[in-house]
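Written out below as structure tokens is the structure these notes cover.
Letters A, B, C and D mark the chains in the order given here, with residues in each chain numbered from 1 onward.
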Amino acid sequence: MSKIGVFICHCGENISATVDCARVAQAAAEMEGVAYATDYKYMCSEPGQQLIRQAIREHNLDGVVVGSCSPRMHEPTFRRACAEAGLNPYLCEIANLREHCSWVHEKGEATTQKAIDIVQGLVEKVRRNQPLTPIRVPVTKKALVIGGGIAGIQAALDIANCGHRVILVEKEPSIGGHMAQLSETFPTLDCSQCILTPRMVEVAQHPNITLYTYAEVESVEGFIGNFKATIRLKAKSVDEKKCTGCGLCTTKCPNKKIPGEFNEGLGTRTAIYVPFPQAVPNKPVIDKEHCNYYQKGKCRVCEKFCPTGAITFDQPDQFITEEVGAIVVTTGFRVLPTSFFPEYGYGRYKDVITGIQFERLASASGPTMGEIRRPSDGTVPKKVVFIACCGSRDPAKGIPYCSKICCMYTAKHAMLYQHKVHDGESTVFYMDIRAGGKNYEEFVRRAIEEDKVNYVRGRVARVYERADGKLVVRGVDTLLGAQQVEIEADMVVLATAGVANPGAEELAQKLHISYDPYHFFAEAHPKLRPVETNTAGIYLAGACQAPKDIPETVATASGAAAKVVSLLSQDDLVREPLVAVVNRCAPPVYSTCVGCFLCQTACPYQAIEREEIKDRQGRVIKTVAKVNPGLCQGCGTCVSFCRSKAIDIQGYSNEQMYAEVNALLNHE
Amino acid sequence: MKETGFYPGCSLQATSREYNESVRALARHLSLPLREIEDWNCCGATAAHSMNHELALALPARVLALAEAQGMEEIVVPCAACYGRLATTHHTLVTDETLRQKTCDTIGMEYSGKLKILNAVQWIEQYVEPLLANAVTHPINRKMACYYGCLLVRPHKVLQFDRVEDPQSMDRLCALCGSEPVDWAFKTECCGAGLSISRTQSVGRLSGAILSDAAERGAEAIIVACPMCHSNLDMRRPAANRSLGQKLDIPVLFITQLIGLALGIPRKELGLDRHFVPVPQW
Amino acid sequence: MNNWNKQIADMLADGTVALVIGYEEGSTPQKTRPLFCHDAVAAERLVMDGRCTHNLAVYLTKKELLPAEGRIGVVATVNVLKSALQLMQENQIPEGRFLLMAVGPEGKLTELPDAESLRQYIAAHPLPDNPEVAALIEKIDAMSREERWAYWQECLSKCVKCYACRAACPLCYCTRCIVEDNRPQWILPWASTLPNIEWQINRVMHMAGRCTGCGACYAACPLHLPIHLLTKKLTQEINREFGTERPAKGNVLSTFSPDDKENFIH
Amino acid sequence: MDENKAAFEPRIIAFVCNWCTYAGADLTGTSRIKYATNVEIVRFPCTGRIDFMLLLKAFAAGADGIIVSGCHPNDCHYTSGNFHARRRWIVFRGLLDFLGIDVRRIHYYWVSAAEGAKWAEVVNQTVAEIRELGPYTEYKKVANYIEETEAAHE
């Protein structure tokens, strides 16, 4: 026989104005299982709480229902009061007599009756409540950051500076990402490398950061606070300990005509190479696909010239595992190549380039030393057309979203071009100019007004090469009565859409995080949890979520780092015990779960695992589902899906809900 | 062999009789059964759908319903404009049940939406292409510019045919006929379409640009699959030449005519003598 | 002796399989009944023809009927194969434990060693829809709501809660059925109209996207209550709403599409 | 409203999720918007948690109508609980209708935490419609085991 205490609050007059609180308490006193019932003016006040604590002690209560305001308001308050009196806080339930009753109904019999019903429902529920203890999950105080662009660098440094250890994994031979490729940055036109490279060096030298370049995450197991990541260290064919980074090998390599990734195919590199002069680490790797020795079995020139004997052709890929408590995904994005656009020549015209290629042309460290020259013949283009929204905002291309950064970088490109080629003429075709951001609009106006960039509002239908080799850009000027315009151009720069990296989907599956239809990783909540994923302990930053500019990328990276640090600063993770549980019972059944595992897809958090029940000899008797309390968020979708009712959820159990529903209706 | 329904439409009875003749010649030559839809009516092209949505659906719907009632499972519609209207109507009716019912009420006939609608190129791909390897007796070793125009591949969402910005199907068929398709920029540019009569000068300018690019790329003929495109590029050649200030004599052939030639069908049967710009003996 | 009987006899003799489950002649010429063959001699009695309607897949999850070790052969109808495939997808049949076999029209024995081969065989041998079932469903659909309620109330008031429908269904393999759960007592245990209706609703909802339509539930019902119409109707609805394709992982009700359409949530 | 109809006060149970509709109903309260007293709210973590059996049990216990309400699509606190629920209700509703159970008595809504006014409308509208339908006698009849057996004996 339970001993429930019912405490009806008047909330000043907020409840008592329309509900007869004394009568509710009276009715409650007569309910089955209720040992004590009373009403009071302000239950949440200190005397009110004292009243509850005292009643718990005096009447030995094993459950409490407080009829007051919404549980969303004072549930924590009253549960704490119960705990202080020695009652398990999860044995306290709140009957919402204010928001759901007194405030929404007129004074009268029906209103008081409804209040009694609500109390009755919760009395029946609380009689079936179980004492619960918060879940404690131990935390490994180390973070994994995947991707060494500016987002990864920022997140790694922020976490490391708080005294936690960080593993930074980058798939390319150097960290730096897209930001290292950029010339100047909008809206200040400061040099990208000048602000980035000091941070890259800081990463390399930070005692708390372990950097793995030319490495990829192979698999991730575990859950918040307790991940185990396997990382593939791709063979660099260069012994990093022996290599001094002198660079002699790269000058001797006979294979010199390989289109370089860093220069977006506009420059060349050798088979043994350092991606760019300021690379971190500044030590070469051998690109096996282009290396004569790996492909044809002959050469080994680099080995011959290496003064320290650092070349190791037989080095295999290595696998290491790292235990970490949190993961930050900062894998970035890529821009569509020109070959995506049939209407702009499918990448056939050499002088139709992407924005990122233009960055390389404009960069002092680029293939032309910062001079704007045509890829086809190296001449300085006198007429350049920039086309914004190439692919972006075009549902027909499968990219209905705005790539966000193009308006700004196109303005910057046109501006840089005008600064470098004084007699040049530049035209920008645009849909809208989206320059929301600090000093952004002013920047675009400067391009238009001071640098005389010709902005044409309209779409480009086609770029084609005339038989004489001249590029023709055919578009429309919607501000001139939708007039067709044809512009001859020496070079065309496409602001191609920012899209998810190839392999994003695969990585998401490895990490069990969700992604949107465009394969950008999905936030747990677009507004309130913008750097978290649905998988607890895994965070996002930068352009792997959606195209982002540098300030936004850095902001999200620091945000994700703050989340990681707050997690790693705890020894144990304490979570609400309102989680699903798969039942266990006596042999020979062990659990009424039959192991169909159809529930696994019902769980949005991958919290349902397989557990093998073994006999003493270690033979598997049964494989059943098990809910990982570290991952479960307590939605209960699995509970209502389970056919044999083998899963139940603490705090909202089948018994509790059934009893509450019945009790609400159980009167004449 | 399965019989295919045939909807000629008005153009194939008038300005583009040679298109009609060459489609039938191909079918005859390769024993592909075609049956003309009895009592067909105008598809309503251009005029109807710019004036009256209901009429624009009802006219093609009647044709579709007739085909279905006459036991046809698929029909071939060589005229690209007719094809566009019929395919769009079909798409609208199968995706909007209310409109389907309303339109069926209007025409007083049922249309279930099970009909398959092919344009000439699709019909060729399905029935002619598999036979081409053995049937080509007179390979046409010339450079061809395949011109698709605006209607054949658009709207992509409805037609789901070929690549919308850079279609390839006719290029492939040309190659199978022994010709070399040229890579050019005006495959889907506008020819001026229905302005042929009201604004001949505009058509001359637009068609002229198409002709001149094809010629500059070394094409020896332009291959089309639309009566409108053909009229504008062939019949309006004087206007185009005036606009260009040139005298281009590059001929314009229907894809069915080119294939017919490659199969050794006599020029007369293909209606090649009906063109304004003469087609040389290849 | 048919060639395939000989083949099975050989398999039993050389120990390829420890047991073969199939059909033998029944007590009347119109019927066949399940047969558990433990030796080569018994294999002679195996038959396979249109009279074999019992869904043998129900035995595949009954550990107490099966030998602890060794492979078990099943001479299966398409319905048995469909159920077996579903059981595999639900993790109920250990890989390699069963050797499913189909007998072709010329008495050719086809071994179907894995899920993929099952899938292909089932796809190649579609079962015709039962026009009577479809007609009955149409008849009920055409009734007014009150008539439908009266029809089912009348019908299910007769149910004696023998749970033969559950026992005959290969996919009702729960260790503890919801009707045996008494915390809470979801469904009252005795046979009366409401608990009977609730039981059927549960049974049918639990079959959502899983039912293979073999009709064993109906065949087993001693009162010949048309409960198979419920599962069939449910399958029709699911096919109409979510397509005939079933999710590769999970179940129709444990997966979703953001584009699912309804017209009743406002 | 005519007097007889007004005499019948329907009993309605609302199954709502904690994050959207429960909070939305709180907002109705804080906005002091008045609505009918006939609806009692049961709080669930998520619509995904709402077992179809609980709906049947509500009818069995004497409810004349039911409201099921949660977050709008794409707004679920648990990202997909409402999508799972939506599928469940599509299937369940079809089955109930085939059985002749009065599906007009189960009202489904999306009510967000910001839609306090909508919640009041939802309640009032449901109450009005169920009042129009009258008490769910046919279900109550089969629910009452004892009366049912006695009737059979007569």
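Everything below uses one rule, namely that a contact is a pair of C-beta atoms (placed from the backbone, for glycine too) under 8 Å apart; a residue touches a chain by one contact, two chains touch by 3 or more.
Remember, it's a predicted structure, so these values are computed and weren't measured experimentally.
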Task: Go through the assembly and pull out the chains touching chain A as well as chain C.
output: D
Chain pair with more C-beta contacts, A-B versus A-D: A-D
- prompt: Cα centroid separation between chain C and chain D, in whole Å?
  reply: 34
Whole-Å gap between the CA centroids of chain B and chain D: 58
- request: State, to the nearest whole Å, the distance from the C-alpha centre of chain A to the C-alpha centre of chain B.
  value: 50
Where chain B touches two or more other chains at once, by residue number: none
Task: Spell out, as numbers or ranges, the residues of chain A touching 2 or more other chains.
output: 602, 641, 654, 658
Message: Using the touch definition from the top, which residues of chain D touch two or more other chains?
response: 52, 57, 80, 84, 88
- prompt: Any idea which chain A residues touch chain C in the complex?
  reply: 589, 592, 594-602, 623, 641, 643-646, 654-655, 658-659
Task: Could you please specify the touching residues of chain A with respect to chain D in the complex?
output: 70-72, 96, 98-100, 103-106, 110-111, 113-114, 117-118, 121, 514, 524, 534, 578, 602, 604-605, 633-637, 639-641, 649, 651-652, 654, 657-658, 660-662, 664-666
- prompt: In the complex of these two chains, what residues of chain C are touching chain D?
  reply: 140-141, 143, 145-153, 178, 186, 188, 190, 192-194, 197-198, 201-202, 204-205, 208, 230, 233-234, 237-238, 241-242, 252-258, 260, 262, 264-266
Task: Going by the contact rule at the top, pick out the chain D residues touching chain C in the complex.
output: 52-53, 56-57, 60, 73-74, 80, 83-84, 86-103, 107-110, 138, 142-143, 145, 148-149
- request: Note which residues of chain C are touching chain A in the complex, please.
  value: 90-92, 173-178, 181, 183-184, 186, 206, 247, 249-251, 253-255
